[in-house]
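Step one of this worksheet: look at the structure below.
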């Protein structure tokens, strides 16, 4: 217990990285995922093909491979010092990898959300003359949002846990801190593990809480 | 209890001379396999020699020390050479009679305790704590934490003090990384393998890679013009041969065999064929501890 | 429903769609082409690499890695199903002494990152568990908890009438569970279980943190030995994609088949292949 208190600065530093990666990857993945979802339901065949291949590639590959490739790929095409806001370039590599991976899941969640909106809504939108983009933006997506929040909650929780994998591609976040502290204080391994695990449990609980709140606020009566 | 060193020593000397003549260009030294050795009954040496096989725990992911090319049958490296020297003295040749068992840092003691291997030669630093659990003969090589940097930086980075606030890479959870953060204020960059660290070093995303100098030499050997090991060792790691605790006779045999190899040049040959490929000078063999 | 979002295109719209399709296809190809060209310029595809990769020991290494991955995944899946079943029964119990600990266990292991679990099991018990068993146990704890929720949802999805009829003819709760609900629940849950297999397969890759020799670990070793990272890892990724995609298709096909047969109430929602968690409805990752 004391070990945790004494090293709280370091533990907090680790979780700061975790939270930052969660925030940035979450936003990027949501944006990219929604765009991909619109590809998958669009009338343009090649866009649909792009969306489907993207999802099939990135959903079925282990995150470890994607992160290791990310850390190897960007420097090869010339981007080897892309640190942002004081965070190291490795954080950027990890965030890009995490976003690209999570976007595939966001895409599928959004798509299933779109599909869950009653067809009548789309038909009504079309019959008053709205275009594809208008129907999507003004009628379908707002309603889809409600159906989409539970799967998105799960995806963001998974993302929060997946940030721990960045510990093997150069980001000294919470999981790395756990490994470091349990090396230094070998007699306290259990307390250290429970402490760091508790940190993640708190993050997960807060995330679920926030998203449930959002769901209630955005609830569209059907 | 002594074993019959005379024949082994003579054989090794003869081989040493002939090696000087032909010059090995493979990854291993020519190790003399003793013939007609006999040991006192009941000793580990007698058991192994009679069986004609032995199991040696080694690393398989550290170039120059213990590295296995993917899919290859046997690993290569300095540790492997030491293992072959020890086996050779028992009359066991590396022709399939030696089983090389892959070990990672955390299972070296358990493997010895559970008799899964006969000896461990796996960048196994001698520590008092470990000597409570297993026996460690040696050291057969002394190294310490050092730094691997790009060729261009070898003037500006000469020691760990020069890395304050800089990115230093090592394996997730390694004590070398922790030392750099705690004592020299570097920024840690943990990766899963040393080779990824070396990639990031070449990419200029990190400024140095740190771990035991022996391991770094292996990587420097692969890119002698781009990478350089700099600075004095700033910790001390004494690599020893692990064996089951309290087997004093075995310890004596191991120590004597390695001492013989140090005296007749086989040790140096082994170094040159493996770690020495980086161009570094062959060091003096270390003083070995007596067996207790 | 995607089909309703736009009218049957007239000739002008068709032309526009075709132009749009062509433009999109060209842009995508150009982007991918640029990336490949830059990689080639950096020597990621040089002929020496292909020479090295064609060596038989590379194929053998990949084979070993694949076997290790599949072996760990298989053990983990079997144990997860068993562990998950036990947890689910406890979770569904009427007795609080079973239910509350079950809830705590399930929620805890679903909130903790798998990487942490693997590290803790391996390093925290003085090397009691080998790398293989640490990985399998950690996978069991996590996936068992996820599957427990899947089983619970499955049992709850069996039509009420089944359990009501069973109680009506005098069966006790354990008999209702064992003879009536669970067998029917299993067919409902099969697609979700297969989906979870995909997750397990991907998660075995985390074994690299404890140096377990799975496919990703071998790919790293190969990358180290041929001095190129991108191609060997992409190769490993390809193998995973093929296996996981096939499994997902199997899950979807099973789901459709059960839906046609009219089994249970949860079939045919088309969510089996999304790796979505039927309870929370999200990525069970």
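Going in written order, the chains are labelled A, B and C, and every chain counts its residues from 1.
As a working rule, a contact is a pair of C-beta atoms (placed from the backbone, for glycine too) under 8 Å apart; a residue touches a chain by one contact, two chains touch by 3 or more.
Everything numeric in this text was worked out from a predicted model, so none of it was measured.
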Pairwise touch network: line, ring, star, complete, or other: complete
Between A-B and A-C, the pair joined by more C-beta contacts: A-C
Chain B-chain C separation of Cα centroids, rounded to whole Å: 41
Inter-centroid spacing, chain C versus chain A (mean Cα positions, whole Å): 17
Distance between the centres, which are taken as Cα means, of chain B and chain A, whole angstrom: 43
Junction residues of chain B, two or more chains touched: 172, 192, 196, 199
Residues of chain C engaged with two or more neighbouring chains: 123, 208-209, 220, 229
Per-residue multi-chain contacts in chain A, two or more chains: 68, 72, 76, 167-168, 179
Contacting residues of chain C [partner chain A, same complex]: 1-2, 4-7, 9, 17, 20-22, 24-25, 28, 35, 38-39, 42, 44, 108, 111-116, 119-120, 123-124, 198, 201-206, 208-209, 216, 219-220, 229-230, 233-234, 236-237, 240-241, 243-245, 248, 270-271, 274-277, 280-285
Touch list for chain C against partner chain B, complex: 55-62, 64, 122-123, 127, 130-131, 208-211, 213, 218, 220-225, 227, 229
Complex interface listing, chain A residues touching chain C: 40-41, 43-47, 50, 56-57, 59-66, 68-69, 72-73, 76-78, 105, 108-109, 112, 114-115, 117, 119, 122-123, 126, 132, 135-136, 140, 150-155, 157-158, 161-165, 167-168, 175, 178-179, 182, 189-190, 193, 196-197, 200-201, 204-205
Chain B residues touching chain C - in the complex, by the definition given at the top: 61, 63, 68-72, 102, 104, 106-107, 109-110, 172, 192-193, 195-196, 199, 222
Chain A residues touching chain B - in the complex, by the definition given at the top: 68, 71-72, 75-76, 80-81, 88-90, 167-172, 176, 179-180, 183-184
